[in-house]
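Got a structure for you, questions after.
Chains here go by letter, A, B and C, matching the order in which they are written, and residues are numbered from 1 within each.
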Amino acid sequence: MPRPYSSGLMMRDPSEPVATGRNRRLAHLLGIEGLDRGTITELLTSSDRFVDCNRSEDKKLGTLRGRTLINLFFENSTRTRTSFELAGKRLGADVINMSVGSSSIKKGETLIDTAMTLNAMHPDVLVVRHASSGSVHLLAEKVNCSVINAGDGTHEHPTQALLDALTIRRNLERGLEGLVVAICGDIAHSRVARSNIHLLAIMGARVRVVAPPTLVPAGLDRLGIEIYHDMTRGLAGADIVMMLRLQTERMSAGLVPSLREYYRFYGLTYEKLEYAKPNALIMHPGPMNRGVEIDSEVADDIDRSVIRQQVEMGVAVRMACLTALAGSG
Amino acid sequence: MPRPYSSGLMMRDPSEPVATGRNRRLAHLLGIEGLDRGTITELLTSSDRFVDCNRSEDKKLGTLRGRTLINLFFENSTRTRTSFELAGKRLGADVINMSVGSSSIKKGETLIDTAMTLNAMHPDVLVVRHASSGSVHLLAEKVNCSVINAGDGTHEHPTQALLDALTIRRNLERGLEGLVVAICGDIAHSRVARSNIHLLAIMGARVRVVAPPTLVPAGLDRLGIEIYHDMTRGLAGADIVMMLRLQTERMSAGLVPSLREYYRFYGLTYEKLEYAKPNALIMHPGPMNRGVEIDSEVADDIDRSVIRQQVEMGVAVRMACLTALAGSG
Amino acid sequence: MPRPYSSGLMMRDPSEPVATGRNRRLAHLLGIEGLDRGTITELLTSSDRFVDCNRSEDKKLGTLRGRTLINLFFENSTRTRTSFELAGKRLGADVINMSVGSSSIKKGETLIDTAMTLNAMHPDVLVVRHASSGSVHLLAEKVNCSVINAGDGTHEHPTQALLDALTIRRNLERGLEGLVVAICGDIAHSRVARSNIHLLAIMGARVRVVAPPTLVPAGLDRLGIEIYHDMTRGLAGADIVMMLRLQTERMSAGLVPSLREYYRFYGLTYEKLEYAKPNALIMHPGPMNRGVEIDSEVADDIDRSVIRQQVEMGVAVRMACLTALAGSG
């Protein structure tokens, strides 16, 4: 597993504790790798407060009034962009969306020039998604504002891992320590898997991956992760079953023989779910391919599926991250 | 005329009167069919207040502060989307636009999954446009928030009918009761026509449709509507002439021989307008095909065309609907 | 050089001084041509205040609270649109973006119908970009609200000239009077060049253009501008070197032989820069074609390049213009 950068989160002053005052807040949130357990716990605890806010009638806070958030998306993602946009607006920030696929890139401008142009407009936070692993970190080195990585290539997607952790924590009183988590599907190409693997390891969970050999990246065993190619064995005794979206491009690349075959061996069905713990939580980052990586009824299981809750937690987690980065402390 | 759903508007508590308190406000606005005269009159009267607001220098109200409005458009419509966006923002709500043609749908997500994902983010109102008749009603059954139908296939477009009624009411002191309204053009495929037919019938107007036989849906006579295939007869003595946009796709489908032919027989000209009452109002929901369904000079007639006023009333009507659905009563 | 319109800026009451009270504020900002030195100076002085605001933590002002700004872009430009959007939001206005390429135009609606539709929604300011020279002026004659030209064809782009002037003024204490400014590149097709030429002439600067003969419009000498076809001569003794973006379409039109040839003769390199004054400022409106009209290192020159500052000044200048047009005086 490549480690393009040594640290997922950079501090304004590395000698100071996190997020406890104006001069000590986080500079960037670029990945989960490199974060410590305290920082993660603090972000999750802060998120709980925003869950309550989002469930109330008046969802408007003034925390980021006068701040500017720019969503800079080089890849389409209405789901993640909407979540950040809502988070920013509910905190009172001015939010600007920039979808770049169709504009400056066509005009031949470089990633860094696009970023520096926005930087000159004095945003407080740039939320960036880009198809190239490492690009968001590169960008963060150039700008004066805080940067949140909203997904860079197959590298990291830290707010997804945080929202997954928040969902687990709110459903299982015992917390993440010692939990058995099975992450199933296209591990090799998934920034969601990568960020979750880091977070779960940091928080003391036991991580397994379950995937066909073609979709497991090399070197994963070094991280202390158990690798399975069989769902029934991989799910045995799991507390959490995290399914990943199968990009249909994988099929044309020859990594998966057919969607039907994939579903038969790796799609989550009630039969396979039998092997996990009785109350195992079912998770999926969305958008789902029903009937490919997950059976439609399993996805909607009232007792065990927390897929909608993940989306809800997403807004709260992003509010916590934005506040940690741009709040006045 | 198909009746996909029995009721256009659903009450939170059907035993209670409309919009008179927090627990009695409307749940959804899915169509005009099923509304009663009192509800419509109440919405129109409430709209009048917002017309004044929109004409003043300070157009900002705090009515929906802390509420979230999501515009979920599966079909392109900058005009309607902009009208709802302005309405929401002027009421103080946080407004998010989601144009779905290009994003999650491509990723194979179902309509309901897209809606449930947004629902999990706790919007207060979802404004939805979709190409399939009935889809918005289906969606409304699944979500916790209020839903406004901004046009579903050839079914309904209730805020358009309300803004048309408001425009008429403000121009003709005598109100809608007993007015002769001629709706002209592509009745068969028009949700605007359908919503207007329902509203005008409820309010006691006499509705005529004027269209070539290929563009009149079966069963229309059952609703007590007079059907004409000749403009001069259909307009005779009309108080209101409502033109509909001709979708050019109708021509390729063989329903209309040519635009020239269509204009000759069904385009609104001063010659044909002679048959209506001297001060008959000219209406069109926009965007217009000048020289197809309406002569360019007629469209701009200073004394009789209220086409720009319709747009103005649109923002006010949407403010009234949003307030009825999401205001705190 | 064509003069499609006699005046760049129209007053609500031509007999009154500018921007000194509610009834005397500007009606439109359509171009620099026709503005006087006092108006320009006033806008630049007002901009300085907004530069400070944008650099502070709380960047929110209530100046335009309750006002509506619509960005109506018939040409793609995330950079300019974002700058206006930020300016409007930081002033407290409700901002609506309408990108028209993909919507109503496809539906066959005319420019004026699109504008009149928006006008009926009571915006206070329409910011318009359009590919046709003169179209924005035409539109301004029809609507009730203020209009800012954000670029019309090869005609004018007044806020770009104002932000360039602000950048110069803040870097050179002596002001614009008597400065030698060399504008280099595709003069013929550049609205940026045109607006700058007008502004610099009004403010008493000495303007030179440097370009291949194919890219110089006829009649330029009448405006008292010196024309050069050789960079070393054109830059000799210049205080300011303004590079223009080369539209790659120019090459396919046969106006430029090749990008390499263009760079060799007209690209700004350190060698050519030697001929200008030692501290000459390097400017570019962006987005840059590095290695075409400007050397990459020159573009990033820490001491002399003010290209990022231009972007920063852009937001401030737009805040000043919006306030002059829509503020309550």
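Rule of thumb we're sticking to: contacts are C-beta pairs under 8 Å (C-beta built on N, C-alpha and C of every residue); 3 or more make two chains touch, one makes a residue touch a chain.
Keep in mind it's a predicted model, so treat the numbers as computed, not measured.
Because chain A and chain C share one sequence, their contact can be compared position by position; here under half of the interface residue numbers appear on both sides.
The rotation that brings the Cα trace of chain B onto that of chain C spans 120°, given to the nearest 5. Taking the mean of the C-alpha atoms as each chain's centre, chain A and chain C sit 40 Å apart.
Residues of chain B in contact with two or more other chains: none.
By the touch criterion given at the top, residues 54-55, 57-60, 76-79, 82-83, 85-86, 89-90, 248, 286-290, 308-309, 311-312, 314-315 of chain A touch chain B in their complex.
Contacts from chain C toward chain B in the complex involve residues 65-68, 70, 94, 96, 98-100, 102-104, 107-110, 113-114, 116-122, 124, 328.
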